[in-house]
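The following pair of complexes shares a single chain, chain A, combined with chain B in the former and chain C in the latter.
Take a look at the complex of A and B:
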């Protein structure tokens, strides 16, 4: 990262920290929280689908396990005793981590099997996994309370901070969002990141070059699922209610894909752009189209795949760089010196 | 024993309709290697087409079939020509069809509201008594049409020039091009044909099921299960797979529970996909 970029990132973070002072309207705060959540969605899916090239249609599964793990940690007596180790001061955080831990364990087992599949078949397989998860959650009534779902009556505080109103959730989601962005950024700029991108470009060739492809696909799946689980856990704390039909829903998996693809696959900025764009658009259109606002989602996706394969962010970046190149080129051919 | 026989027969009837949905999907996959996630929406359009023709014009769903099916066939061709054929690889076309599916389902929701609609034909509740087993008339007619349609497809693929061209494009796209088959046009035609099959099943289901804009999702998952069980791209496999799924669901919902049956189907789907990708019967894709 260049110094300029570092300064820009720091300025952006500072802005996010003071933003709630400027925006006091609860509705707008809610929208920003949803954008943060969507960014985590996008970063999670992008790590596996964008950087590693393994398209999943079942990320709702990881979201759901994360949210059930989080809720059960708070509502289940024996699990909750684990929180006693910290004097119950960190319960929501521990609950999030417990949800993520459950997801990692289950994802590891699934990862061992699911990467027998490639390309579109992997998409179908993961789709089926999420559906199976939903059926299990519907029928395992003693754990999940079946289709009625679980209501989280009161969320325990984090230390002295009561999780009430929008403000604490704003900062919690902001922290998780920033964590997800830096987490993926760090992976992508490590040795592992190059392995993942090699697998995306050519699975067999990278195996031949000595990349342990299976191991790294499973690792990418686990890390991606970990982020999705954090999003699920946060969502459960924020909404206060989960049911199999809400958290295992196909539209959650699809939303993660759309945010990434509309924004720009395989870039850090892409999911951020996609999350902002899609959240605002769907809020605006929800007012006009009601339930049918997903029409805009679908239409935008079709247009982006056909006409902007690099996504909205990639498209803008390309235009901007071309413009800069044209100006630079003018300098060489005898135009005005800078 | 009567209950068993009754359940078995109704399972076979439903399975026949599942088979037509799966036939459309497997045709498209066989020729273009495209997994069409918008397949269920074509079924939904067929259902609504028959519903509206019955409500406003009084045309029987088994007759309006001959109007809705060509319409959806055309829609399929247009969608393929201008959208689906432009996607570059398998994953992209998968995501693209997911987008198309969302657009069609939500446009339907906007135009026709998310209400459940029911088409009530006069013979809707009448049954044919065969000894101790009773069969509902709409289901029986649907089953007969299913058999006719499947036989027509079989004849088409094996005996006509166009059918042979479709099979050639599925088996060896390059070789087919060399011998003068316009593979792109065949692909377009096949996509329309696949959509038409989904639409037929929608019309057949319209007297027995409620129509609503997102009903497609329910059936597209079933169609995938069938296609994977029977072997991707295999016509015979789709037929056998459809009947097996119909019987399993029907027996399962009577003797076990509906929820568990759904899970069973999906788990079987995943296992076959993982360990025997050519399908349960080893009929290889053609």
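Take a look at the complex of A and C:
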């Protein structure tokens, strides 16, 4: 990262830290929390779908396992005793980590099987897995309370901080969001990142160059699922209620894909741009268009996908670079005598 | 001492026998030409040696080990690199990154790998294309990138599948020179090629396949006069 970029990132983080002082309206704070959550969605999906080229239609599965793991850690007595190790001062954090841990274990087993499939078949396979997950959650009543779902009556505090109102959730989601961005950024700029992009571009060529493609696909899936699980866990703490129909829902998987594609696939900024745009547009349309909001929202998505295949961020970046090239070129020719 | 020993290699696709009982050895530091008419089973042989296809029967020995049936990336780590007849560039990545990834499979440190990638790119004469996206290269340069990437894995045996297919005269000359340079470094090479003029120049020995079977083996001069080879290429009626 160049110095300028580092400064810009630090300024942005500072702004995010002071933002709640400027925005005291609970509704707007809620919208920002949803944007943060959406960014984690996008970073998660982008790592597997955008960088590694393995398209998943079932990311809700990881979101859901993360949220069930988190909630069960708090509501299940024997699990909750684990929190006693830290004197129950870190319970929500441990709950999030427990949800992520469950997701990692299950994803590892699924990863061993699912990557026998390639391309569109992989997409259908992941879609099916999410549906199977929902059926299991509906029927395993002793663990999940079935379709009635689980209500989190009171979320335990983190140390002295009570998780009440919007403010603590704002900072919790901000931390998770920043973590997800830096997490993916770090992976992409490492040896592993190059391997993931190689796999996206050509499976066979990567193998021939000595990249263990299966191992790295499974690794990418696990790390991507880990982020989705954190989002799921946070959402469960924030909303205070989960049920199979909410957390395994197809629209969550679709949301993750849209955020990435509209923003820009295979870039760190893409999911950020996508999350901001889609969350705000969705709120505005719902407020002004009532029942027709999905129609306009859908139409807009079609337009973006048709006319900006690189996503909004990719589109702007391309325009900007072309403009810079043209002005640089003009400078050279302009200096020459006629 | 043989680097590669192929023993009774056989591949059947359903009822079709693509490669039948083919055996040959490749000595250390040698360039072996593998020729034959279309459909003779040359590429299938490569795929079985490099691990992309499991053989129906037969064994592949590399140095002191049997490598039959290992995954392609494991065979690459043993020291065998291959190029594809139909090039497989990582299109959206730069030429430099294409080569870097091949280097990274064996060197873990990014800094060290970048240095090595620059070296290999210089060796194959692609410095001025390093920042270009692989998807924007011409056929000639794509073939060259394919070879450069294989070299970047630091192999002791190089399998080249038609590295000159689709090149113009000048590019063929450059490719011949590059293969001679590679031979100079002491690397062992097996090369499939249809351009006989080039193949005769670079190979020490030639193995000829026709319809999945080995029909001849020898030094280039003998192969050019071999009756069975002329018959396989030109058909019975031209056979004097």
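Note that the second predicted complex is superposed on the first by the 325 of 338 C-alpha atoms of A that agree within 3 Å, B and C clash if a C-alpha of one lies under 4 Å from a C-alpha of the other, contacts with A are read in each partner's own complex, and residues count from 1 in each chain.
Here is the rule we go by: a residue touches a chain if its C-beta (ideal position, glycine included) is under 8 Å from a C-beta of that chain, and two chains touch if they have at least 3 such contacts.
Just so we're clear, the structure is a prediction, and the values are computed from it rather than from any experiment.
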First, second, both or neither for A:119, with chain B first and chain C second: first
Greater residue coverage of chain A in the superposed arrangement, chain B or chain C: B
Partner chain(s) touched by A:261 [first = chain B, second = chain C, both, neither]: first
Contacts of A:269 with chain B and chain C, given as first, second, both or neither: neither
First (chain B), second (chain C), both or neither touched by A:152: neither
Which of chain B and chain C A:294 touches, first, second, both or neither: first
Touched partner set for A:206, first chain B, second chain C, both or neither: second
Chain B versus chain C as contact partner of A:190, first or second or both or neither: second
Sites on chain B touched by chain A in the complex: 35, 83, 86-96, 98-103, 105-107, 109-110, 114, 217, 221, 224, 228, 259-260, 262-263, 266-267, 269-270, 273-275, 277
Touching residues (chain side chain A, partner chain B) in the complex: 53, 55, 57, 113-114, 116-117, 119-121, 123-125, 127-129, 131-132, 135-136, 138-139, 250, 254, 257-258, 261, 289, 291-295, 297-299, 301-302, 305-306, 309
Residues of chain A that touch chain C when the two form their complex: 190-191, 194-195, 197-198, 201-202, 204-213
Chain A-facing residues of chain C, complex: 50, 52, 71-74, 76-77, 81-82, 84, 88-93, 97, 100-102, 104-106, 108, 110, 113, 149-150, 152-153
